[in-house]
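Here it is, the structure, as structure tokens.
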Amino acid sequence: MGDNLKLTNYIDELENEIIEIRRDLHKYAESGWTEFRTASKIAKYLDDLGYEIKLGEDIFNKEYMMGLPTKEELKAHRSRALSQGGIKEYIEKMEDGYTGVVGILDTGRQGKTIAFRFDIDSNDGVESNSLEHRPFKEGFVSVNKGAMHTCGHDGHASIGLALSKVFKKFEEKLNGKIILIFQPAEEGTRGAKAMAYSHILDDVDYLISGHLGFSSNTVGEIVCNTGGFFSTTKMDVTFKGRSSHAGASPEKGKNALLGAATATLNLHTLCQHKEGIGRINVGVLNGGTGRNVIPELAEMKIETRGENNNINNYITERAIEIIKASAIMYDLECEIKIVGGAESANSDTELSKIIEKVGRDLDDIKSIVEQAKLGGSEDVTYMMNKVQQNGGKAVYVIFGTTLAADHHNSSFDFDEGALKIAAKVYASTAFELNRREEKV
Amino acid sequence: MGDNLKLTNYIDELENEIIEIRRDLHKYAESGWTEFRTASKIAKYLDDLGYEIKLGEDIFNKEYMMGLPTKEELKAHRSRALSQGGIKEYIEKMEDGYTGVVGILDTGRQGKTIAFRFDIDSNDGVESNSLEHRPFKEGFVSVNKGAMHTCGHDGHASIGLALSKVFKKFEEKLNGKIILIFQPAEEGTRGAKAMAYSHILDDVDYLISGHLGFSSNTVGEIVCNTGGFFSTTKMDVTFKGRSSHAGASPEKGKNALLGAATATLNLHTLCQHKEGIGRINVGVLNGGTGRNVIPELAEMKIETRGENNNINNYITERAIEIIKASAIMYDLECEIKIVGGAESANSDTELSKIIEKVGRDLDDIKSIVEQAKLGGSEDVTYMMNKVQQNGGKAVYVIFGTTLAADHHNSSFDFDEGALKIAAKVYASTAFELNRREEKV
Amino acid sequence: MGDNLKLTNYIDELENEIIEIRRDLHKYAESGWTEFRTASKIAKYLDDLGYEIKLGEDIFNKEYMMGLPTKEELKAHRSRALSQGGIKEYIEKMEDGYTGVVGILDTGRQGKTIAFRFDIDSNDGVESNSLEHRPFKEGFVSVNKGAMHTCGHDGHASIGLALSKVFKKFEEKLNGKIILIFQPAEEGTRGAKAMAYSHILDDVDYLISGHLGFSSNTVGEIVCNTGGFFSTTKMDVTFKGRSSHAGASPEKGKNALLGAATATLNLHTLCQHKEGIGRINVGVLNGGTGRNVIPELAEMKIETRGENNNINNYITERAIEIIKASAIMYDLECEIKIVGGAESANSDTELSKIIEKVGRDLDDIKSIVEQAKLGGSEDVTYMMNKVQQNGGKAVYVIFGTTLAADHHNSSFDFDEGALKIAAKVYASTAFELNRREEKV
Amino acid sequence: MGDNLKLTNYIDELENEIIEIRRDLHKYAESGWTEFRTASKIAKYLDDLGYEIKLGEDIFNKEYMMGLPTKEELKAHRSRALSQGGIKEYIEKMEDGYTGVVGILDTGRQGKTIAFRFDIDSNDGVESNSLEHRPFKEGFVSVNKGAMHTCGHDGHASIGLALSKVFKKFEEKLNGKIILIFQPAEEGTRGAKAMAYSHILDDVDYLISGHLGFSSNTVGEIVCNTGGFFSTTKMDVTFKGRSSHAGASPEKGKNALLGAATATLNLHTLCQHKEGIGRINVGVLNGGTGRNVIPELAEMKIETRGENNNINNYITERAIEIIKASAIMYDLECEIKIVGGAESANSDTELSKIIEKVGRDLDDIKSIVEQAKLGGSEDVTYMMNKVQQNGGKAVYVIFGTTLAADHHNSSFDFDEGALKIAAKVYASTAFELNRREEKV
């Protein structure tokens, strides 16, 4: 029995556990920067297997943690996590939202450093409790009101843990180092930058990441080279004016809502750029307190995107000018917070070709797409660019799976058969990279 | 001891009860159309005194009940009212929000019909729990979270009940009929129209109403002829579009928030009219659900005003056109609900002169202002106009009182010394009108 | 034959000349600051009669000359005026637009100083050449393309000249001083401020002015006390951005038109003020050069108005903030020029009562309106306020006349029968004021 | 001496004439649909050489002639053309703006049909009369005020005439048919569609067109495969409301400028589309007549663009909805005229490769760029798509040349050395295509 066969057989054996883990994480969904239970479970799993564990400030550059909840919110989430089986000794190291984990397997043998990245956070939203929704029907629907895995990161995390077991099992056949990165707060593109700008990627030769579903809806299909990541910036804006009685003394008010409406319209004019596609969205606007009161406050949630960083930077800079001018127009105070971001990035052709080769060798893979565009944003791009700047290579793989409903929909669910396939592709790629190294 | 003296002495005796009632109503504040406890207490009070009581559809023209809560909300409020001492037998007749009461004292003797109108609803808002806030310090702060008397209608209601006692006490000295109207939902100008367009005013010769505080901040001052009521319309608007992913398929969305922002700006251009002052305010705008989602929904709370009905009607009609066109612009569905309204109106000079005369005869009155403008809206104007159209006369009196904070502020409170003064002015006016009648 | 009769008989004799002068001025219409021919003719007329003539910097405070044409334009207009019979010796003193004249008749006898003010400029516009348009049919249609008397100032000027003859004729019966002020550039409210803030009004006890037509369309009717002058400010705004190719490099442009469109919408939100009516109008907006070019330039003509100076000042200040913020929003240069203005003002009751008395005594007057609102702006208000601040009195009279078409319409014409009536009212008022003085 | 050498030598001999023709056309610049002199000269030239000439309705589908001047304007231009040496017999056939020419050389021998397209119109604009501007210095500056060749179409036309001479000279070495298309009104993308949808392209196997300058600023460089043509639509919009006095009766007006400002802002929100880049530009907005008049009229010049037809169609459709809704919002009449358009298109790789081959064989070609994007719009795309739909092939070539100033600048001029090079590339390509045909 060849090595490959042993590997894939072993992963087949793990399938039940992979699914079990996924369902456990799904049930206790935790959104960005509050993944205390999730991350502590992951940490314990890796720790128990003998991985070197890194947590807290070692793996996060504080300066780049975007869109953090308040201290009070974090505290409440920590309590809940503990009450739901979160493990105290790890959670203590995650205060202030350090809800990521890095596990390192150093073979001691010379060789390349291969990193895998998994995002672990849930989305905001209330999960369907329709009987047609499998997680509800089979009892793993989210018990945390307002948090729900609608993007498959529960799956990503369980793939990562399966992988940790595989690498440990076949450790003697590996060279170099394996780094497993479990990242919080991908939703809102808030978490990756702080990890990318810590030192965890310093020696990484290959960075491999990916996603379940998206454009590919067939179990057994993979996209080997994913590009088309939009560069993006997420902003929260607050306008503060002065209220007054709308009938009796309208001229005494400073109308925050007129400022915000002006900003909204003008912001949406910003998408034209020579170099390609731009995007802007004022996704949320809430302003005013009463019908007969000149609105004192208005709050906006905004995002900009660009086909490349230039375009996104242009739109972001112009957006900030427009927001500030709207505030000046109505004599408002204005606060702009950057609460998320991602870059544009490319998968390396060489590494994609290896994924492709691995795919062709795996029986589970029925269809190979060489290249596709994501058409969205992903903050793993900070990590990809960082590794590439250091001379390494990066790739982003899409693993096809049938979806019960679109990503970010309250009835989202996927075919768990894709989980073991992803684990196989990832694991085989590591071994294939090792093998090529040896030949050289 | 002259009749006048007996009257005022009796009202001085009632002062403690007036204050007690006011504080009870303050503590169990109920906002528009949910005054189940308040109205049932009033009904019982009048019933016990021997007034003829009218409730429900007899005193409301259903068609004009504006800005009603949902059935579920009404139900919840009814339950609460019962749990707080509301009286079941009356509340049962108030289902669907008929939370007003009319009490009639028919002397059986020929004479004029004099109506008094009192509004009884609280505002929305959370009452201050600062120790400097007397209602909190002295234990009558609102126990109903989100409802608070910040406009003195608790006082108006207690004046009305005091008055009922006075008229009963001196019934043998009265001719004609006294009608006491306790109106719900003045806030948002929602309640009066439905009562005005029922038949309760059909035979009214004089309609007398008024307000504590406002422009007059001295106990013992009255404004005898209040005009300058803005005609007003209150609208709730909902835009419904279609959400889509702002990065991946922006063109699939129908952006409800862009429609609302366009409406907001353009609505505010509407205030110019040959005949005088106009007003518009988009007081609240809430739109969108997530930063990266094209906003599907936006909701606005709007009011228009005009120095006269013409102006307000012009602005309302143009506002509706602008709102509809904004919906068309972004292919949105659009719902416009009229949830409140008031008219412009004038106090009759003749009746004001009688108030003035009565004021001059009362020791408690230290200062008389002949005429002033309200500079706001009041839905009693529907009743005033109705009575005047029927050939009767109407007047609106302001009773000065010291305020702890502005109307509609969470620290609002007033000097209760004004309550008995108002009762004296109202009662004396009724007797003065009787007296004049006799002379003729 | 009494004095009054002699006076009115004499004015009846002058009627033909009054009409002739009016038609001459109509034919050679000259708009604001370019009334070189008109003013020189007036100067000669007064000079020939023996009036003391004042011209140029003596009667204008340079600092307040608003909305002047360019030097080149003034030069061209001077040339044209000379070619059309303008009188060189006076025109030379009017360089730079000093196209006003003050004529003084000092009786040498003690007494009050009574000033009359006449505006003399035409409007911009092309006069109708329909055969139904009397000026065309009878040969006095404007020969100056683009200039046309559509507001009756040709009539005002001819009334003023008739008056000069009357006062000269009856000089021996007058005391004190008569000052006749012929003011340029009332259209756009540009000319009065500079005359008001020179020293010509320093010793004026009574200032009398007025207008043909307006709200009163009956020959023989006068409005004795005109109020309701809107305070107003006229602004020219230029936005300068940067052009670029709209297809190839849209992000390189700085879009002056988007700035101007944003300003336009937001400016129109400014009309709400506690103290009363406000107005704003972006009357003209021109922007951009070509369909496929990001617009580099945009120009706006704006006016604000208020029922009083407070309101207008509020709107003007806010307008300037909005304009500047719109420029900042699109990174534009922005120039704001104040090119006209007028104040709110009141006619003095005492003086109005004298007009009323005079009116009752004149056979030509068939109808007297005591009081009316102008509902527009007039820059004579600077002079009225100035005289009143100095302790004098001012009044503004409207002289009814039938109109062929509305003011500012290309078919505007009026019944010239109103001219002699105005002359009679003005002259009689002067003599009445003299008479009252004597009595004291 | 090989055929190629003879060909290129002959073109070298023609260089002086090519330049002379270009300068003549430059001097008598005629903008879109008014090229009466230009087209008549071309017709005569081809006629004299013995080409079959097609004019008028034979070569234009009337329905698709966009952005035509008025009949009066056309008449004035015809007169001018006649006075400047235009040839009557041809001009008579061009009434109503049919200012294009098609010349056909049918060898009588079997073979492919090769069409070349040249645009011949000038731009709007006033040419520089600086001494540094060569056309001015050397006496061929435009004598037609307001028309100027700033895009090199004078050169394109002269290349086309040179080519006609070459093909005639070497007629016996050609097979099949040559069609030379001289197209009016490319500026504003108005002229091509009507020619493309006539029958002139029905049998065309190869369509070859191109442009001087653009991205390539080196004489001797060619771009063999030009793509990146934006699909585009040009619209003229008129809003008509109702004027009224802005001070006295603002509510009577229907404000066309507020409608246009609203449209302008909202139109600029339209550029986001899944499939790629979109563009919109309100390039010109003129509205209103006077500062104190509610604006009755507003006119806009708009263009939309898209990376492909889908995107442009989406933006155009949405733009029309926004424009109509803006009109509804202010109760305006609204007229939308489509005055120009172009499609997206691709050069055929096979044909580009032949251009490339031909380029490599020519001594004058110093640099070959295989592929580039235009980044603008060109209405030849209608012809390219038409030929490709019929099974033929199309290519668009850019001929590098040094520019004195950017395209569309009043100092635009180019190095005329590029003219003969373009003629050589075009001619050689025809012969190369013939040659390949023979081999088959």
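As written, the chains take the letters A, B, C and D, and residue 1 is the first residue of each chain.
Convention: a residue touches a chain if its C-beta (ideal position, glycine included) is under 8 Å from a C-beta of that chain, and two chains touch if they have at least 3 such contacts.
For clarity, every value in this text was computed on a predicted model and none was experimentally measured.
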From subunit C, which chain is the farthest off, judged by mean CA positions? A
So which one's got more C-beta contacts, A-D or C-D? C-D
Whole-angstrom distance, CA centroid of subunit C to CA centroid of subunit D, is 53
Where the centres are mean C-alpha positions, what is the separation of subunit A from subunit D, in Å? 49
Touching two or more other chains in subunit D are residues 248, 250, 258, 262, 265-266, 268-269, 272, 274, 279, 375
Touching residues of subunit D toward subunit C in the complex: what are they? 124, 188, 230, 232, 234, 245-248, 250, 257-258, 260-262, 264-265, 268, 279, 281-295, 298, 301-303, 305, 375-377, 408
Residues of subunit C touching subunit B in their complex? 265-266, 268-269, 271-272, 274, 276-280, 375
The answer for subunit D against subunit B in the complex is residues 248-252, 255, 258, 262, 265-266, 269, 272-274, 314, 321-322, 324-326, 328-329, 331
